[in-house]
Each structure stands twice: as C-alpha cells, then as structure tokens.
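My questions all concern the structure below.
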Amino acid sequence: MPAPKPVPPKKADPARLYRAVRRIRRVEEEVARIYPSDKIKSPVHLSIGQEGIAVGVCDPLEPRDAVSGTYRGHATYLAKGGNLNAMMAELFGKDTGCARGKGGSMHLVDMKANVLGCSAVVGTTVPVAAGFAMAQKMRKTGAVVACFLGDGASEEGCFPETLNFAALHKLPVIFVCENNGFAIHEPLAKRWATDKLCERVRTYGIPAVRFADSDTVKIRDHIAKALPAMRKGGGPIFLECMTWRWREHVGPGEDYDAGFRSKADLAKWQKKDPVVVLAKKLDKKVKAAIDAEIEAELAAAVQFAETSPWPDAKELYSDVFA
Amino acid sequence: MSSRKKLPPPPLTWPGRMEDGRRVLRYVDALSEAVALEMTRDEKVFLFGLDVDDHKSIQGSTRGLLERFGKDRVFTTPLSEDAMTGVAIGAAMAGMRPIHVHIRMDFLMLCMNQIVNIASKARYMYGGQVKVPMVVRSIIGKSWGQGAQHSQALHSLFMHLPGMKVAAPSNAHDAKGCTIAAIRDDNPVLMMEHRLLYPTEAVVNEGAYVVPPGRSRVCRFGRDVTIVGVSNMVVEALRAAELLSEAGVSAEVIDPIWLAPLDTDTIIESARRTRKVLIADNGWLNCGASAEIAARLAEALAGEGPIQIKRVGFAPTPCPPSPELENAFYPNPGTIAAAAYALAKPDAPAWAPDPAATKLAYQLQFKGPF
Amino acid sequence: MSSRKKLPPPPLTWPGRMEDGRRVLRYVDALSEAVALEMTRDEKVFLFGLDVDDHKSIQGSTRGLLERFGKDRVFTTPLSEDAMTGVAIGAAMAGMRPIHVHIRMDFLMLCMNQIVNIASKARYMYGGQVKVPMVVRSIIGKSWGQGAQHSQALHSLFMHLPGMKVAAPSNAHDAKGCTIAAIRDDNPVLMMEHRLLYPTEAVVNEGAYVVPPGRSRVCRFGRDVTIVGVSNMVVEALRAAELLSEAGVSAEVIDPIWLAPLDTDTIIESARRTRKVLIADNGWLNCGASAEIAARLAEALAGEGPIQIKRVGFAPTPCPPSPELENAFYPNPGTIAAAAYALAKPDAPAWAPDPAATKLAYQLQFKGPF
Amino acid sequence: MPAPKPVPPKKADPARLYRAVRRIRRVEEEVARIYPSDKIKSPVHLSIGQEGIAVGVCDPLEPRDAVSGTYRGHATYLAKGGNLNAMMAELFGKDTGCARGKGGSMHLVDMKANVLGCSAVVGTTVPVAAGFAMAQKMRKTGAVVACFLGDGASEEGCFPETLNFAALHKLPVIFVCENNGFAIHEPLAKRWATDKLCERVRTYGIPAVRFADSDTVKIRDHIAKALPAMRKGGGPIFLECMTWRWREHVGPGEDYDAGFRSKADLAKWQKKDPVVVLAKKLDKKVKAAIDAEIEAELAAAVQFAETSPWPDAKELYSDVFA
C-alpha cells in the first residue's frame, strides 16, 4: 500500500506534495516517540523541518531515477518511494529491515526504488552517486541521480573533486545541498571562509541556484524543468537549499538549551513549515483523508517492525561477500 | 589496575576518592586533565578537530579546555580531515605540538594519505631535518546500533607503519599517562581510545606523569594461561580471568598499553611459563594486532616446544547494528573465558561461564546513541 | 611455474614461444590481455584511472586498450583518487564492472575512506541489496631511488578488511588469471602488481582462464624448510631455493597468489612436514601478511610440537633511495637463503650464498626511473 | 659560497633575478647531462622553462619565510636558498645530501633555508604548507609560506579543503599554481571542467591573479606588494602562473615525439624564456661574470657530490623516529 508514485505528474500537485511531507513528518515524529523505549537501537538523525526539500526534489523523479541520501536520510528514502515497513523494521534491527538489521537508521537503502544506500561518513556518498550516474550515462538509461549532502559535507575534498568530474563528463547528477547552517553544533561561520557556495559551483560550469526558503513547490518546479535536458546529456545541476533542523543533531529531542542556536530562529523557520504551507492549499476533507491514511500506514509499519523476527545469529556471517 | 575492581559498583561522586584517600577519576576526565596539564606546561601544545569546542566536547573528553585556553588553542575545523591532518603535520614541523581529535576512528581513513605518506615518513625522508610531534586522538565507538562505519578499531593499519607510535589505554590511569607521553613524544602518535571506557574509573594521580611506550603491564598474575587484551579487551579479559578462576583456571592478563612500539618481551616471558596464550583483540584478526603478537610469540617460542596460541577478536564481518548480531560480533568475557579454558584444559569438556556473569558494568551503563 | 626458469636469459621475441610451441608472454602484456579479453566478453567492464590512456599506458599494462575499446571505456581522470574511487563504487553498484588503475600503490592511501568505509562494507551494510564488482589495480614500485612514497607494498591494510579480496600475482600466468578472476568477481578486489615483474615471462594460454582465490600454489617441492613468498618474493624465494639446494638444503616454495581470502591450508600442510617456515614478504612485518601467515601457522601447528617460524620483509623503516641503503632495505635471494638455511640447519655455522649469485635478472634489467 | 640572499631587496634587481634563473637552469641542465651515467639514481622532474616562477615568488621573501615545493622542486629549493651542494649530493644518494640519501630528487629539504620538504604524492604538501603557516600565525613570526603546486594538484580534494581553511583562518600562505597545462601527459581538457581556477579561488575570499606569461619581474613585484599585508594577518593570496615544461615529465629528455603536445608550443614558450628575457636587461660583462660564477659553483657542487661518502649501511635504521 505505501510508496505510491508510478509515473510522476507533469505538474505540482499540492495534495500529493502535502501527503509526502506530512508522511515523512509523521514517520519521524513516531520514531522520536518510540525512541526512548530503546526499541530502536540505532542513532537517528531526524530531518524534521527539512522534509520539503527531499519531497520537492523527488516528486518529479521517475522510478528509474535514483536518490542518494545522507545519514539524515529518512526523508530522501521515503520521498523517493523507499518501503516504509522495511525502514521501520530496519530501525528496530529486524530481519525484515531494508538492510536486514545490518544497516540501521544511517544506512537506509531500497534498490528497488532506486534509493542508494546512505552512509554515516559525511560526504562519502557524493562520488558514489556520481558513479551511479556515470553508469546511467554509459548505459544510456536517461536516468538521473539526485545526490543529497549537507553544508558540512560540502567541505570534504571529495565534493569539489566530484563536481569537477561530474561537470567534465556531463553526468546526470542533481546535487542538492541542504544547508541547515550547522554541522552538528558548529555554525557555518566557524567552517566556511565565505558563503559563496553557488558561485563556486558555477565556476565548474554547473548551473547553481540557491533556494532561500526551500519552498517545496519551487524546488519541485525547478527540478521538473531541469530534467529533460539532463536526461539528454546536459550535465549536472546544483541546488543550495537553505533550511533548518528543528531537532537535535542526533536523537529525538531538541537542543535549544545548549545555547548554540536560538528558539527564535526555529520559530522563523516554523513559519515556513512545508507541512503547514502545503496543508493550506488543500480542502480540509482532502487533508483529513490523507492524514488518516498516513496514520493507518504508519501504525501498520510500526506493527510490522514490532512483530517482525530478529535476524538469525548465523546472519552475522552472511553477505560479507557477494 | 586491580584497585579498580575494589570500587563499589555505583560510580563514586566525582572526582572520587578511595578509602585510603587516593583520587579516582574517570577515563574521559583523565584525558582532558592530561591535555590541560600539557597545555599549561607548554604553550606550543594546541588542540583542534571537529567539534572539540562545542558543549558536548567530544563526549566530555575536551571539557573545559576551550574555557581555559581560549579559542586560539582549542578550535574546531571544517569537515576536511585530509587537509586538517596535513595542517597538523605542517604545524608540528614548524615546532608546534598539535593534538588532532577525531570523534570516531573510522574517520581516520580520510587521513591515511597524510599519515602514511607524510607524517610517518617525514623525519626519515627528510634526513632527520624535521620532526612531527603530532598526536592524533581517535575513539572507537562500540556499536550499540552504530553500525559498520562507526565502530571500527583500525589500530593495526597504523601499527604497520614505521615511524608511527600507537597507544591504546585501557583505563583512566593509562589514558592520562599515555596522553601526556604522546604529547611529549617527538613523533606522530595515534591515541586509540574506547568510548565505552570513558565512564570507567581508576586511581589517577593529580600531577603530570607519563606512561611511555615500551612496557606491557601484567595486570593479573596467573599460572595456566596468558591472556593478552587490547584496549577494552583488557577489561573484558580481567573479568574473564575472574570467571576462569571460579572454574579452576589461573589466567595471567597482560595489557600491552602501547601497540607501537610493542613490547612483546613481557608477553613472551609470560608465555614461556604458561605455554598457552590467548590474544583478545578489539579488532579484526587478519593482519591485526593479534596476528603480530601471535607471530612474535611463534618466532620466539614455537621452536622450543609445544605452545598453544589462539586469537579472538571481531567477527570477520562489518559490524551489524541489530543487537543479537552485534553481540555475536564482539568478544566478551564469556567467549574469552571459554577460549582460554579450552587452551588451559584441552582434555576437559568445553566450558563457558554463565552468560549473566559476563555482562560488564561499563557496557550496561551505556545507552545509545553517542 | 618452473617452466619460466628454463627460458633463455635474453628475452624472447615477443610474444615468444617455447620449443614445444607454448606461448610465453610478459607479465605486463598478460595484464592488458586479461583486460582486453574481459572487455570483449562483457561490455559492462571499463577501465579508468590516471594516465591509463596515454602513450606510456601504465608502463605498458594498458597498452592497446584505448585503441581497441575507445575513450568511453578507457579513460583518464582528474587527480582525484578519493572521488574516483567513489565513482568506481557507484558505477559498480549500478551494474558496471569498473577497473580503477593506480600506477603506484602509495596513492591508494587517498582511496582508503571509500575502500574501507564503503566498498568493503556496502554489500553487508545494505543487507545484500547491492554488490560492488570493482577491481582496483595497483603497482608496487621497487625503489631504484624512488624513495619512501613510491615503493610501498601496503597489501596488509586491505587484507585486514572483511569484504575485500586481494591478489598478488608473482608471474605472467597468474597476472592474467587473477585479473580475469578479479574482473568476474562480484566483490571489490585489490590487485597488487609488482613493477619489476612486468618484463618477466611465463607460459600464458591464449584464451581466458581464471586463477581464483582460495588456493596457494606449491611452486617447488622440498623437504627441509618451507618458504612462503609474497608477490615478487616468490621469484626471489625460488632463486634462494636454488642456492639452498647447492648448500644441501631442500626448500619448498609456496606462493599464496591470493592474500585475501588467504589459503593457509596448503602452507600448513607443508609446514606440518618441514616444521620450519620462512615467510618472505614484500612489505613490512608488523601486522603484515607475514604476521597473519605466521599467526595462522602457530595457531594450527605450534601446539603439536616444536615448529620454527621466521619472517623476513622490508626493514622497519621508510624506503631510502640511496642504493646501499635501499639494498639493505629489501630481502633478496641471499638474505632469504641465509635465513632459511639457519632454520634448516640450526647447528651448522651461519651460511650465506655468494652475493654475485643473488642478483636477479629481472631486477638487473631495470633502469630507473619509471 | 652559494645561497646568497640575506635581506631581500626592495626592488627587482635584474642581475639578481637573472643570476637566480640562470643558476637553476644550469643546475638542471647539468643534472640532465649527468643523468644517463646512472650516477643519479632518483627520478628527476626538471623544471626547465618554469624557473622564472620560483624565482619571481622567492626573490622578495625573507629568510624567515618558507617555501613548499613539489616533486618538481629543484627550482623552488634553489630559489629560496637551499644548499646546492647538499642538493646535488642528495641526487647522488650521498651521506652529505640534504636528506642524507634518504630523500632523493623528489624530497629536497633545507630547513635552515626554510625550504620545507617536497613530496612525491601530488597535493600532499599543500595542507602541510598551510599548517606551517598556521604555526607562523600562532607564534606571530610575521613569516609567510609560499606553497607551490601544479595544475594537477589543484584537482586533489585537499587543495580546496586547504583554501577554505587558509581563508577562514587568514593564514599567511602564497598559493602558487604552476599551470603548465599537463599532468604527466594528460592535458587540462581531460581533467578540468572549466579553466576558471582563479574565479573559483576568489569565491573563498582569496585574491587571485593569473599570470598569462609568468614574467619573472611581474610575479616578483606582485609578491613584494602583497607581503606587508600578509605579514599583518591579511590572509592568503593565490597566483595562477601559466607556464610550460620544456622537457619530459620525468627524466632528462624531451617528449615531443610522443605526440601529445607540439614543438611549436615549445617554441612559443621559449620566446618567453626567463633566462633570455632577463639576460637582455644586463650588461654583457655583468652577465658573463655571473655565468662564470655559476659554472664554478656548479662544478664544485658536482665535485662535492661525486666525492662525498655513501651513507653507512647502519643509517638505514636511523631517523625512523626522532
């Protein structure tokens, strides 16, 4: 029943977008709720507040297209159609998990939905995504790869290395930098000499756009417009999406008492909450129906995870080699 | 060492005192105390690395340093481990004494080019013209669902390199002494700490002292079998030795403390008596620390007559987060005791301690995530 | 294997033929032939890496491939080893079969993050959903003044990793068979080639064949001592064995061919007979391939009675370019023979072969730089 | 007698600059001449044709300033005052070599002259140079570090990582990219998505200038002008110096028969030969005297290297640890 999205629509559909952001929000809220029970034994990096970006980017993608997410990857996984039951089971460490209990929250993967595996080492997925895109080019599939990274990841040398290579070979990569202003607790000011990231990316010949509000519809339309040329060998594009992580870096709570960022900033960003913004565009009844559907799906997923079996001890040794 | 075991199970008020007045300190606090002492003594010492200056202060191990020494000597960096390692090397060549901190050992794989190709070779390939007094602090995260990329103990990669030193303290006393020795060393030194040891306590003198390379410690004397433990495996081996003693086996436990240079003489001496050696490494076996220790033992002793050598360590797999799998991935006091028993009593039926007795306080105490 | 030794010293016209009509080929040409065959068979195979497409064609080992398969399947890259490794991994995950070439093994230190944290773990940590059929070709540059950063043999770093395979062919036949096996393998495989072996010749069948992991080869049978050689040390051990036979010692020589997975059964079997084992590695000893082999031998055999094990390898220093120092840095047939002799005849006076007899044709042939 | 240059002159002195470029040229020509004799057992990467850059950058530097060179490092070593005898002995593998026979041509070093050790792994020296500069800043020495790198090195991730860090911390680094258009035999077109290197560097807030002809005097004056601000904490600067490697990548010969670049291009660059250009500014007698001096010094250096002892075998084990 989940993962709907066989053919992407030509136009932004508010109901569809709302459904997607709301679903991710609710899944993560549920994860946060369950977390203190210690049933989830895997560090969770919630993207609450940032969901609109993943949804905006993934909405126009086709099944053949791929996404590559970070350890903060629940949103990308779900937005691209990753299986919810398998995700929840993975967080619980169950054999039915998407990585059969061998990945955890930071390594979600669903190759059937073309969700490439996430990685806990910042930046590592960026060149891997480019390699996946290179294979698409070599095999002329016309597929593109959306590669998500944080502002922190952009500081790793493999990022400019990958930009150069992707531009040189005109690889079909959508680089999406989710700039939430922090790497764990360290602000940009301590890490970036300047904030001219888009300018820098343009020097590789890659079109780069900054989305100051990261409006879901605007991002969606930008991608939808870019896709045809990319599918024909037009090369990579880059998006810098300004955003805000509502919760703490890792774990279910908040971190405003730590003093490194303020609740006032949160309030500012909450005004742009994609769930609220998109909800406003919907008829109340439509919204209520969607919400109910999501709750049912979510409850089923938790139930699935809870009742799924643990991996057998001998599975420790399986899949080391193919 | 054994003093630690006399501590009452609930943590003391901190910094605590033994009944005889000696101070006990947690491993994590011993680390920051060591750095604070050295930064006070020598203004060339500075500390940098991702997140060393935030409120979590590398799980507490850099706590107070920013406040005390200011942001010119305690600072975070961009996420650029490769270049930052080069920066540390260059600063060291210029006479500074950098401490570069990594919250997980896994991230050192980004630093390999600088460590292997420059840091470990600079003095030699520049004909003695430079020295690289640099400390790289790294922490092993025992999994608790952390998974394959946040749990690695990659010490053997560094033990392989001429020109590198490697310390793996198993207790608060050594954490402090090794850190101070590392900072004072004129060579690149890798400190391998273990996250789960951070809350463990030991008697730690207040002033500066060094636990230098070159001397393994016999933590517990025994007759029947020698157990060598690396990093937290020392603690687990000590517990295994207790369990073994209940089963009538007297185990000697040795902590190499420093893995490079590695003092195998102490181990060889013990093995010459017991002729049964179990090496418990907190890492993979293939080409690991356990392989080197076993090889040296074999070179030194196997020609003299029968000697039984066995290794236990991580399963030959990446580390899985699912709890059942993860438990099976790691050696523990039960598996260590069982393996040692089999060595000591080859003709007796196989024995393993009651699993309930093999859980260690310092592990149970921990709740993820970190 | 031994056929090679029957070849006349000056190289045959190439590709040459044995008197019995069998074809001999150089190691370097066997490498490119293997890739050409596989690229013909499977269009998913492609080859990339710095300078694979220039006129020097990686010291000849990629010669002709660009012309034959075109620039979409044979291409150079920017100097970005870290990202290019990730690109190879990503392409492999998408079903391609990349061969990523590095002209020196030293440069792999830039690839460690991707190899350790992604390639070797991807299949496992993604629950079997992906595979990473990637070949990493790397070449050891024996020094000839190349110095510390252009001479390293870092195979043990990769042997340490679950999920990685490592091949170290010592002759043209295996170079071809291992390369084909590596390309067909569904896992990341590190090929460790040796530059000085490139001009050496062996009988090489014309079609495709595999030399798969899992089986060490006994290259020469002997009674008194077992010598295990790694990479070019196989050749040097074979020469040492000749010298030893003149001194009345019968040496068995074993080539593991693949270092991971490592077949130690064949070695153990031999050692069970000779009870004297010398391991000659083309690398450092600490936590090296020699340590692993020694450790496994000790675990398997030392409890049964006396067994003598000894390792020789690189001196525990970076590699110096000055010729005298460099000579002393490497094991050679003379030092291998002397060490094996001491094992075989512990009570005889020390013996070493005439240094003039220990120079190997394949080394003398080489003039720097490369 | 060599390594003159106690206090850098206020102004460009043609005789002095000529002397420096001519000296480097002659040293390398002599190395090339000796090379086939196999007395030098170390791969040499000659900078013939590129000397003007090293000289232009180093001329205004003070003894307290440092340079960091690449494996193509003869020119930087000599331009900064590295000991010639010790260099020649190092190429011969002698105990009197600057690295006592443990470095070779690719690892020249002279810490007395503040010539930091060179490295054979492309790019590795870049962050090391920045670290050396950071120490200068921390210790308030006012010294700067000139960090040389090739166009190829700029592709390694550590380069942008270092740019960002150096700009963020305002480190006194002069980044000098010697862009000779090739990495071994691979042209820029196969490696760079665009040639907007200076533009890219500027996005870090680092002033960047491209020198199309790499005129020695112009480079010299540019550095001389930049130094005062840099000594006071003004932060890094960047130079892209277009140039041409006359000889083959490694070894003493030429490579125009290989077909990847043309002799016509060489001829174009030879017209800008710094040795010739600077010689023209000199009185014939002055030039002749300088030339004679250089020949004498060079002959003495070769003699020194030839007659110096080999390192003792036990030196294999020295200096692994300090």
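In this document, chain identifiers A, B, C and D correspond to the written order of the chains, with residue numbering beginning at 1 in each.
Note that a contact is a pair of C-beta atoms (placed from the backbone, for glycine too) under 8 Å apart; a residue touches a chain by one contact, two chains touch by 3 or more.
Note that the coordinates shown come from a computational prediction; the quantities given were computed from them, not determined experimentally.
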item	value
Touching subunit C and also subunit D, the following chains	A, B
Cα-centroid distance, subunit A relative to subunit D, in whole angstrom	46
Centre-to-centre distance between subunit C and subunit A (centres being mean Cα positions), rounded to whole Å	42
Subunit B-subunit C separation of Cα centroids, rounded to whole Å	33
Set of subunit A residues in contact with two or more other chains	97, 101-103, 107, 119, 121, 155-158, 161, 164-165, 168, 190-192, 320
Sequence positions of subunit B contacting 2 or more other chains	77-78, 80, 82-83, 106, 109-110, 113, 117, 124-125, 147-149, 162-163, 316-318, 320
Arrangement of touching chains [line / ring / star / complete / other]	complete
Complex contact set, residues of subunit A against subunit D	155-161, 163-165, 167-168, 190-194, 196-197, 199-200, 203-206
Complex interface listing, subunit B residues touching subunit A	50-51, 54-56, 75-83, 106-107, 109-110, 144-150, 315-318, 320-325, 328-329, 367-370
Touching residues on subunit D, where the partner in the complex is subunit B	97-103, 107, 109-111, 116-117, 119, 121, 124-136, 138-139, 157-158, 161-162, 164-165, 168, 318-322
Residues of subunit B defined as touching subunit C within the complex	82, 106, 109-110, 112-113, 115-117, 120-121, 124-125, 147-149, 152, 154, 156-157, 159-163, 260, 262, 284-292, 294-295, 297-299, 301-311, 316-318, 320
In the complex with subunit D, residue positions of subunit B that touch it	46, 72, 77-78, 80, 82-96, 98, 113-114, 117-118, 122-133, 162-163, 165, 186-187
